[in-house]
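Here come two complexes built around chain A, the first alongside chain B, the second alongside chain C.
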Partner chain A sequence: MVSDIILEIDSVSKSFIITHNSSITDNHLLVLDSLDLIVECGKITALIGSNGAGKTTLFNIVSRLIDAEKGSITLYSESQEYNLFKYKPHQLASLGIGRLFQSSHIFEQMSIIDNLLIGYQYGSAEFPYANLYIPGKSREIDGRAKAKALEILKTIFGTDHYFWKQRNQVAGRLSYGQKRLLETARLMMGNYKLMLLDEPTAGISPPFRIEIGRLLEKMVHEMGVSVLLIEHNMHFVREHADICHFMHNGRDHVFGTPADVLGNEEVRRMYLGA
Partner chain B sequence: MMLEIKMLRGGYIKNAPVLNGLEFNLRSQSRLAVFGQNGAGKSTLAKAIMGLLPYSSGSICYDGLELQGKTPDAITRKGIGYFWQGGRVFPHLSPWDNLRFAAGRITRKELENKWMSICQISPSFASLQKKLTHQTATYLSGGERHLLALGMVLIRDPELLILDEPSAGLAPSAVDELFLVLDELFKTENTTILLIEQNLDKAMAFCEECLVLTNGTIARRIDLSAESAYSDIEKTMFEQ
Partner chain C sequence: MNYLLHLSILFTLYACILLSTSLMAGLTNLITLAQAAFIGMGAYIGVWLMKGLGLPFILAIPIVLILTGITGLLLSLASVRLKGDYYILATIGFQSLVFSFLYNCDSITKGPMGIVGISLPSVFQSASHSYLYSGLVIGIAFVVFSVLSTLLVLRSPFGRVLKGIRENETTMLTLGRNPVTNKAIICFISSGLAGIAGIFYAGYIGYIDPTNFKLDFSVFILTAAIIGGMGNLTGPLAGSLFIVAVPEALRLLGLQVSHAANIQQIIYGLILIALMRFRPRGIAGEKSF
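Showing the complex of A and B:
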């Protein structure tokens, strides 16, 4: 049985021009080379590959922040098909695609709760921080957003958690691990069906890694979200991913269960080392 | 003693100290790891040493010299190299110009030699080679930028090297290579290393001792050659 697909990446290519010096003939860097990849519904799909392999570039293409040279990407959602290349980046949130960026996007001067509120999505909310831009929001919407943020804090983290206790304090005081956790939780303010997570655990100490892992599992197994996860932490991949893809030379080089992929001789040699 | 830290107290805002009377010594030509949860005060400690964070009390002595009140550039010139968590580069300069800028007064030839010796050990650093001059650092991937920032510190040959999470965001093989580069630096240049790491396995294999920080104090100092080292670290870090 073929399980449901949420995202289908079909033969996507992308190269960058790395110099305008016309005397250099090889001035193109081919990052994605007719890449095919499928993300299944309700699963955590890990994407691994060397630094510079093109993982974030792929996210940028799915998010529509950059254009591919060829190929297509299709989102399957509620028995509809969406050709993503017809959409603009700000429309992706309303299609149900959320993203955690590789660099932290927490607003340091704002409180914890306000950082959650800007992720609130209603109607045709825009990508990625809807509430920063929406003019003339009604009280009612504000009220709904706040209720949702409080509910997330209470049900996911509990009233003993520092997020709850310090919710009105500025987020700048949080440690890096806490910020990353908050940022991941903020995605739950949207109605996302597919989340693109770019290295949620880089620089995170083990206890926070466990918390982020738990949050991921909750999103996927209780809320039915599908996740495409870029990671360099193999413990995390082993523990949480259902499927793992190893990207190399711009292609989906090896894929399978995490155990299979991480046990693969080529993956060992080219990526895992030692 | 290379670095002597006594009763260090300080933080980002008044009345909310992150460092709570922290004390330790670091011998010259030794390798000391610093472990602790996010928020324990590891980066704050590094910033305090580098003069990036005024501390309210206590002292930091480097080679017998009090660092209190010294500017970050003066501290750098004393021979301390610092890798800032996450890695900072100048995005509008090419990677090569970033390296040249970081290298300070050494000649171009010396810089090239240093850089090449790193690239010889590590294919990951070497893969930056083809991107050094043709574009600005903005276009590097996250991990590539991180490697460049590491390169900027490593080529300086500091006497004391403070690394704040140098392996975060690097591919597993790149992490292995980084530790080979550090090992070489330690062996050939006798560099003293203070290593803040979340990758316990790697740091434990590399360093002689470690500190476990909790709530801005040193909860324990552990000899990493001891049989019980790992369980002692785990106990101190996770059971509070």
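Showing the complex of A and C:
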């Protein structure tokens, strides 16, 4: 184990069946091709590359939403090694892995505050009728969760912010940018050590991009979280990422500092179009 | 007076049934067409416990709750692989299975002959109309139990998790919640509550046979739950009031006897269509943003 690594992706491959037509002999599309990648502790590691390069597929494999065909993924956390392929998707949050999806995954029928509270790990206080058989513990955990949610709203966004003023209103009324911001803030409710952020700034206006960047920096530098970030906004990558990987055809094609990767001739030709 | 008491008891019965349906279908989107089967199971198991084993009504209730609850939990496991319409089909299959069992295993259930001589315990021994008054008191007790069971779910972190699963299961997975386990638990609670509504039904009507618990009753229950609104406390109560009060109100129109039943059905149908057009979330359903 290397102490400054939090996630090690080793020779992971994945292909999808593109047709069931039996006359086609090679009907598999190779999305990840023996991919090797490491995520360092306390850093923002950006993944860039064209659509179809395999970035989101990699996130889905790390999140255990789909299975890899071969390879391994190891999480290093608190002097322990965890082979992620032995875990089910819902067990990853307790290992310290959080995920932000590519599109808004806010709970639209719930209030803003409930959207934050659902990000908290209640444990046994979340059992049905827990307030009947463990009333004290249940109240205590619920109180801690509410205090944390209010603290996030107050200290990070402020009491003049829409989130604070409208915290009991349903989140479905929020704009897309506000939803993405709330979703990112929800990750701060959990005790995550590694966050997988899939295009957090896609489709949102510059002020919200700045806000999300601010949250990202806070997570990494104040909360000690490590981030694996998929992003198509190169300004955002340049501004926030510590390490950058350019993925192409399911492989880690080029990596280095954002300045090096974005200045790379091959990356410019194959992806940036300049 | 007896007529009003009877309607009030019917209201309490439907309130229990719709609250149980709303918990499952309203909170997790597990639309079920097997609720009549659970009511039937509750009724038959309850009668067997009381008449066969001689257990008192009050002791039969928790046993019925647990047995029907476990059956509901097992059925919910089908939702691991079956989503949406396919899960509904699975519940129809279960409904048919229970009906066939009740109808054909006449050595246990007395089949189409049914079971007679069932009664609720008497609460008021001396009062006139004691049976109806007892029925109402027991009905209210059942409703209070169902309302508290629902309220404690709705206002708890567990209820929040169920609402999250209803909106987006994948997100809930990444937030560390297992939709299968949580759905199984709510199906246990919902089926258990439907089961105890069954024992109340059997006791109040005094007679049960398998045709009381057919698929059309499940469809009726689901329709009533949708009319009232699901996922909250007031929707099922509003739905119960609607299905008890509206048909009775239509009887007051003074229609010719030869046509009354058909015209009442047409008006009832039109009211349902209008409700779904103008209040698609039901009379008192959860507010949409």
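By our rule, the second predicted complex is superposed on the first by the 255 of 274 C-alpha atoms of A that agree within 3 Å, B and C clash if a C-alpha of one lies under 4 Å from a C-alpha of the other, contacts with A are read in each partner's own complex, and residues count from 1 in each chain.
Going forward, a residue touches a chain if its C-beta (ideal position, glycine included) is under 8 Å from a C-beta of that chain, and two chains touch if they have at least 3 such contacts.
Keep in mind it's a predicted model, so treat the numbers as computed, not measured.
Look at A:Gly203: by the touch rule set out above, it reaches chain B but stays clear of chain C.
When the two structures are aligned on the shared chain, A:Val225 is found in touch with neither chain B nor chain C. Contact with chain B, but none with chain C, is seen for A:Thr56 once the two complexes are overlaid on the shared chain.
In the superposition on chain A, contact of A:Val12 is made with neither chain B nor chain C. In the superposed model, A:Met234 lies in contact with chain B only, and not with chain C.
In the superposed model, A:Gly273 makes contact with chain B only, not with chain C. By the document's definition of touching, of the two partners only chain C reaches A:Glu108; chain B does not. In the superposition on chain A, contact of A:Gly119 is made with chain C only, not with chain B. The interface of chain A with chain B overlaps its interface with chain C at residues 173. By the touch criterion stated above, chain B contacts chain A in their complex at residues 12-13, 16, 36-40, 43, 85-86, 124, 127, 130-131, 134-135, 139-144, 146-147, 165, 168-177, 198, 200, 237-238. Taken together, the chain A residues at the contact with chain C in this complex read 63, 65, 88-94, 98-99, 101, 105, 107-110, 114, 117-119, 121-122, 125-132, 142, 145, 170-173, 190.
Of all residues in chain C, those touching chain A in their complex are 152-153, 156-158, 160-161, 163-164, 166-168, 170-179, 185-186, 189, 286-289.
Those residues of chain A that touch chain B in the shared complex are 16, 18-19, 21, 24, 27, 49-53, 56-57, 102-103, 173-178, 199, 202-208, 232, 234, 270-274.
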